[in-house]
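Each of the next two complexes has chain A plus one more chain, namely chain B in the first and chain C in the second.
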Partner chain A sequence: MTDRRLPHHPVEEVSRDREVSFTFDGRRYVAFEGDTVGSALAAAGAKVMSRSFKYHRPRGLVCCSGRCPNCMVDVDGTPNVRACIEPVRDGMAVRGQNAWPSVRRDFLSVFDHLDRVLPVGFYYKTFIRPRFLWPVYEHVLRHLAGLGKVDIGSKPDLHQRKRHVHCDVAVIGGGPAGCLAAIEAAAAGAKVVLIDDQSELGGHLRIRTAPATGDARIAGLPGFEAAAKLTALVRSDRNIEHFARATAFGLYEGKLIGVSQGNAMIRVRALQVIVATGAEERPVLFQDNDRPGVMLGSAILRLARLYGVKAGDRAVVVTDDDHGWRLAAEIIGAGINVVAVVDSRNSMPSADLVQGVDTPGAVTYLGAHVIKAIGRSAVSGIQISTNAVKRSIKCDLIAITCRPEPVISLLAQEGVSPKFDPALDQFVPGVRTVGIQAAGHVEGVIDESIVVNRGVAAGRAAADAALGRTTVHLAAHQSGLRQPAGQQPIQFDLPPARKAFVCMCEDVTVKDIKQAIREGFDNIETLKRYSTVTMGPCQGKMCHSLSARVHAAVAGQSVSITGLTTARPPFQPVTLAALAGPHMAPFRQTAIHERHAKLGPKWMDMGEWKRPLLYTSVEQECKAVRDAVGIIDVSTLGKLELRGAGAGAFLDWLHPNRFSDLRAGRVRYRAMCDDAGIVLDDGTVARLGPDRFLLTTATGTIEAVEQWFTWWLAGSGRDVQVTNVTSEYAAVNLTGPLSREVMTRLTRLDVSAKAMPYLSALEGEVAGVPAIILRLGFVGELGYEMHVPADYGAYLWDAIIEAGHDLGIEPFGIEAQRVLRLEKQHLIVGQDTDALSNPIESGLAWLVKADKPDFIGRDATAIVAARGMLNALVGFEVTGEGVPAEGSAIVRDGHAVGRVTSCKWSPTLKKAIGMGWVPAQDAVEDHGIAIRLGVGTHGKTTSGKVRTKPFYDPEGARLRM
Partner chain B sequence: MTTARVNAGNSVRSSPLDALHERLNARWRAPCLRWPIDYGNPVAEAEAARSTAGLIDWGPLNKLVVQGKGTSPALNSAQVQFVIGKATACTVGGAMLDVWSDAPDHSILLSRHGTALPDITGQLVSAVDMSSAFTALRLIGPSVGKIFAELCPIDLGPDVLHDGQIVHGPVANVRVTFARQDLAALPGFTILVPRDYAAYMWNALIHTGDRYGLIPVGNHVLEER
Partner chain C sequence: MSFLLPCPLCGPRDAYEFRYGGEVKSRPEPGSDPDVWAGYLYLKTNAAGIERAWWFHSQGCRRWFQAERDTRDNRVTGSSPSSKGVAPDVHRPEAQRD
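Now for the complex of A and B:
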């Protein structure tokens, strides 16, 4: 190990007796178990870990808490991993991003000198002409700038999990305020969830030695011991479920919290939410404020305490607040040499704070501002100005320890608008949404004892509200926030620097913001969109309020008027895999599925249903149906059973045609329209008794149809009961000239043409099982559709196959069915019709009974009837070459006038046939049309002729055999 | 004339999970009744149900869906006891019946195979045999709550959903009807899955429950309690 390691500290997370190794850009590094990639590299003295987005500037550790973008690396093929929080694993392969050939020596850093030709919004102004070169520009630009690359050939992680958690009180943030809020809420009887992104609880207390204050349970204990005490209290409380290393990435409507934890996505629903996300230091603006070696003070302390790594040998602390002095003392206590404190204030802090930093060689500069960081690939010094005198201080570490600002983004996501508090000179949470509270530093509280007590009060108040008790604590909590007086405004000056970075994610400088405002983007929202400030991976954590202050200073207005841009989830990046969760795509199988599987068909997905597309070939299956007998599993058809004295009239109401006059034992075609007269669905209705109907729908529409029926039934007072029997019945369609012969072998029922004519229905036994038999003909042949209780479905299929074996029975799939029905020009709703198709123009005018008193879609249909047809759904045969693709345009003079909805090669007719929409005046038998062949044919067309009658058996004689 | 089998009766009924049970080496209650009694290791299965979780195909049940405004009067006339919002058991004519009454105008009656369902008639009511429409799956064991927490967004905690209470909602992205049905001291849920989804639901439960020790267990587990 190098000597960048500090002596052991009780809170450190590394196990110094267990070494692991990994590689970074091919070079091997040794770390301790418990190290992060960032801490391990820092321990080895590596400062440069990444390159910036646009200028390819060297970047290193800044926040050490996963907030900023400056240490993003590729780990084992996963891009954009933050090295500072990614635990090291033995054998890990880490690579730098956005650099060539490596982050240490990036040839593309030449862009750092080209900022004058790459100003803010340059892509709106340059690389536009000549236009034909834009694809080249785009390709080059995308390769030169950006973040990590996704390996699209890599196998996705399929081990995602999703979990739903319900609680009374959810606390986000495991610092002292959050822990005590959770403890108090649990003590008050609430079921509590505590979400924290660290491995251990305690927040900033973990890395401090200064005594905690406030609550008696922790007052007086050194910070890290107070953290341990809080952890023990939380873990011992059975009413608290603690999610460690879990990030709350979104706070959604209804107090839903999205949490990512490892490979799990947890949806937490709470009755009350307490946001205790604390406050974080913000960067300071000066030339080269992004150099490796410029770090937040808390980051330096985290690195030292948790991982035992010294970030530098000579540190200069930059501050504008007492917080900086406290942190400086902690940094010194951690074993890091502080050579100077640069305070922008003009007066010294209290004596106790000064004493904490009183070490040999440490110099204090008051009223001082930073001009620049010195050094190229890492900090080697700092130049400051005091009383207009410039001086340089040799150092390798600049600790930015300015007043922490509340982390309010999560609150802002759920309507808690940030407001600017002039007394605090910070943005703090504004008016609360009911059920969502803030506690601790996030409220803008500075005094540690108040922070702790706010957590206690919030916990009690939240528990009361969740459990329906009086809200004494809530009112007290909401009104009890009083800050100590005497907060000085934050010193904020705009540096004249060329490279003072406001947004390190997007390489947006102060100069860029000035220019954008000059160009007219003087509203904070338009400035954001034009400059992309706050739009990077950190989502404004490092730059949100900074950008508002810069805007205000440039625009010459107050920060409160400038405001902040809208905060939206995710607060922290979440992978799409985590959001998608485990692969749970429901599928449905018919009762006959296993029989199909044994035949090895080509499958297709029809919505959630698995259906056989093809068993052998379309030609063979079509021939079997036309010449002998075929069988198809139609169990997926939606089915509703309607009972009650009002069922017939209800069906009349819902359809353009009549069903109340349908005799028992008869079947009628149905097509249903909505209020606008648009065809929604079709199928059949069979009357099985005086008050009993069986209705079929298309596969996949049953849920919508059932909802439609339920909607119109509700409150109508009709005596109708609607039962969805889709799953109850398996159904097969036996069809072909020999189908009657097969039927006679299976049932004692009289299925002759006379006893069971076309469009009739029977109930009885088939192969010994109870069945409803419908005489139908979707594919244009003599056919019997049998519905049996699904438990008998497989048995029935076997019985039919056995009975028809010597007659050449063959199963046929969806593809053959599509061809066969097309030969009859039987439309498929949703394929041949769309959201603008009415029954009249769809060739269904015959079923509209305009003399009915009323029905849904009546008025709209009447308007179309009166207006006349503008378009028409017709059949066509292709007279030229090729088979047009479904969806292709029908053209006239090169312009689309219609479209193909269905088109297939018919093995029966030995030609390509189809259906499509044409202008009404073209819907004439033999009218010639030109049809595009489809995508990839470069607009080539073929010729066709309109056919207004079915191609096969136009008189329907075979149906009615 | 008829040449195929007639009066085939129950020997030709099959459940959607038959093939799956076969692959798991299920032993059947009787050859003609596709009702898994165990999967070859009844001791381990019982232990799983006690200590982690067991998934049971409750077998071929007769089911009747009764609905309409006249549901409650019709059930009362048939002397079927019910509690709206709950799955309860009662005896009608000496036969055990499970009554899932999820609304005043909708109930599902379930009975064991071989036990006839009562005749439900009346005004403004329909009773439709739906014996094939649902597969009833039961999960029993201390880990069932954790399994459901990964599959269902609804709060199913014992303090929220009491024994017998019925829920309509998504489980593994499929909308189902299910109820808390504890078995003695063991927490449990019964799901009525549309049979078309049965294979998917079984696999989803097993896949999710694997990390919690969920295994398929036979109906003997129910009979031992």
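Now for the complex of A and C:
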């Protein structure tokens, strides 16, 4: 392991006095704190870091900024980590991916020689027959191709955080344009958020020594000092919130920005957005352009300046633009030996640029193109062609420094479609969306001296717009950008190479694209999907415009016509855990919850509520209710209070039956349907006064019912107020033949059969607390439903339990309640009815008062009544063996003609009983039916008989005691 | 779908705070043809353009209101409290031509 460290530089992030160590594929490496895994490996001279997707070719650092797939490794079990941006931690275990046995020596690299039988789209043409082998092909190919492995057993990080931030102006990108935009916007009075993915601000200036230009605040300062100054200005500004090491991965509707920062996801909602994401270098096409050692110029510079690592000893700079010369000068200044500059242009750039590269031994080649990179697992030379003369140059580093291209993906996500500018020969932001601006190099590679001014202008304009000081729509296309001197159209020739990679994520070569187009995939959209170009982890960051140019060149059309495929979030990968945020699972408990918990019942979830399912046994609880007295917590029932002169008429409107004629002190059953005649909900209505009703719903339906009620009220002018009082009242149902005895011990109110008959309602004190008492009979016994202010719930429960103690009172849960109500054939909406059930076929025809002038569902129920019943909800008792499962089919001649909606073993009646849907003609007393027993019984059936009357106390005498 | 919806009471809020309540429609007269009822219940205009619809601020003031929204880009061009709109149970024959 050779040490490739450069001397200290003020910008560097490494702390040379603090060493850490980690392993890569079992081998130990030493690094400095502040290094990334990539920089540490590069410092040790380890060039091969991964193997490519399809061909298992050796790959190493290319971009050093997390934008390409070439350095992806597995870190401590987390796959697809980009080594170039992952900070090292002491004791880290890094493993290579997609290689066997190791990344350094991968036996599967044999595929690199099999490209002739693995062309683009090969899986559509080969490995299909013989068909019986297809599962084998699939299994093998899955294991051979791919990237990281996910450990399914790993525990997710539950410390995800989510933040919601609002601001006037959000600036994405902390380069010079972005920083000055933020500073100007803040100075103009806006609340600014600045999002930047680096640890320090300054963008491309940070790694440069060439002087900055443009704004007086930074002009003349060496790049890295200008960056430090901008950082200081931002940090000291209290109106700018700076998110560092934060990636804006998506720009969404309504100027919402999704940002991921470490294990936190931040949602930023802004009034104005400025995208200043800059421009990045793009790869060049030549044979073996993916060899470790072929790196972007900016990557070499970042490695040198931020981590003090020399990427090579002899570098050849490949360029087509003045940018390359500037970068070459910087690379030399960083201490790396440049032996040649290969420029595809035919003339030398200006003297000052040449001077920067004027080092002994540096040769310039003009009008030159790269033919191939020489070297098997790493670059050892480069072959170029100048004036048709081939030449090889010995080198171990090839710096690709062609003209950078604007990073327009985020803009494209929100409607700012890319537009090809032939003058700049680049895709630039096109028609703007109101409120979203582009500033800086992202607008098109422009003169450095005006980059910052674009930021200043954008910041000022955004602040004015956000603070309402201007009505100018910031959507005008910013034209007339001054191009940097020496701009020439990029020369683009398709190399005749066998392996010139366009898409390094998916191993798509120029040859592949040519073939795909030949095969008919000649539209950019179909080409993308067939060849999978741009569909890999980088999502086109390295290859999007390149693929468009290749397509255009092959198809012989202009790049403008070719266009680009749609950019979609996320711009950078973001974990599902970050998107999900902290794990929260709220639940609701009634005011009486603690009393249940003390008895240790089996719990059930009813929607968001926790309810006791069973305290002792179904048999014991049912027996208590039928023979003595039981109590159940029904606080979860939805409750609405309706007040106003129009309340009665409103209830008449909403229900098939009447409530306006309900006398004060009386309760009535309610079932409600919609205009399609479908049963939505049932419960009770108690009239407590001339203009006051208390309405109950089922447990799960209150939200929908409240919205339904308030919707019909909206704008109607009815004198009705609806209040959701579900949480205001705790409620219990005290029921059983001895319940009256318990009541008399708790209240001075006259609860005799005469004073408080079945279906009456009264208000008064029970156990000293104000209560609304309703005489109902859901489970078929004498019973009292009491509603008290929720704070008294537990107290009331205690008082009732104590009062009934010597009478044998028992609490009963949902399971027992379900059996008891089934014995009475009382339906449960949503269980015994579904989205196709109307009141007439559900046994509620008696509720539908067709003589009412109009109500919701009137016409629909009339249609059903006229048509006649097709199916009917009936009760049945099982006469054969077994207890059919709820949901099982009722069959005739082997076909399902109905289904079981409820079915339980009744301890009271000592038989299995249920409710279900049968064809209307079978809905007669004693009709024999065949019922399937359920899943896992192989279609076995049992026999039953239809029962049209309640199984228990069919006349309802016990209810009315 | 992260557009901002201006609640008449609460101001602009994230769309996910609301529940969509369907296009504003006119309820058929009692006694109408089943086809008319089916149209009212199951068919939508689904315009690629301005839509007038009901919205419920379920995570805020819990009030119903109507909003006009361009379905092509989710720009809400206006919202009005229900007191200014038309109630669901009112039959407006002219509305059925919309």
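The rule we apply is simple: the second predicted complex is superposed on the first by the 829 of 961 C-alpha atoms of A that agree within 3 Å, B and C clash if a C-alpha of one lies under 4 Å from a C-alpha of the other, contacts with A are read in each partner's own complex, and residues count from 1 in each chain.
Keep in mind that, in the parts below, a contact is a pair of C-beta atoms (placed from the backbone, for glycine too) under 8 Å apart; a residue touches a chain by one contact, two chains touch by 3 or more.
Everything numeric in this text was worked out from a predicted model, so none of it was measured.
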Partner chain(s) touched by A:108 [first = chain B, second = chain C, both, neither]: neither
First, second, both or neither for A:961, with chain B first and chain C second: neither
First, second, both or neither for A:767, with chain B first and chain C second: first
Which of chain B and chain C A:166 touches, first, second, both or neither: first
First, second, both or neither for A:606, with chain B first and chain C second: neither
First (chain B), second (chain C), both or neither touched by A:588: first
Contacts of A:219 with chain B and chain C, given as first, second, both or neither: neither
Contact breadth on chain A, by residue count: chain C or chain B: B
Chain B and chain C footprints on chain A, overlapping residues: 269
Residues of chain C defined as touching chain A within the complex: 1-4, 14-15, 19, 21, 27-28, 30-32, 34, 37, 40-41, 54, 56, 58, 62-65, 73-74, 82-90
Chain B-facing residues of chain A, complex: 161-166, 267, 269, 582, 584-591, 593-594, 609, 641, 643-644, 719, 721, 723, 725-730, 744-748, 765, 767-769, 789-795, 799, 802-803
Contact footprint of chain C on chain A as seen in their complex: 252-254, 256, 269, 415, 653, 675-676, 703, 706-707, 710-717, 853-854, 858-860, 863
Chain B - residues contacting chain A, complex: 1-9, 12-16, 18-19, 60, 65, 67-68, 124-126, 128-134, 149-150, 152-155, 157, 160, 172-174, 194-197, 199-200, 204, 207-208
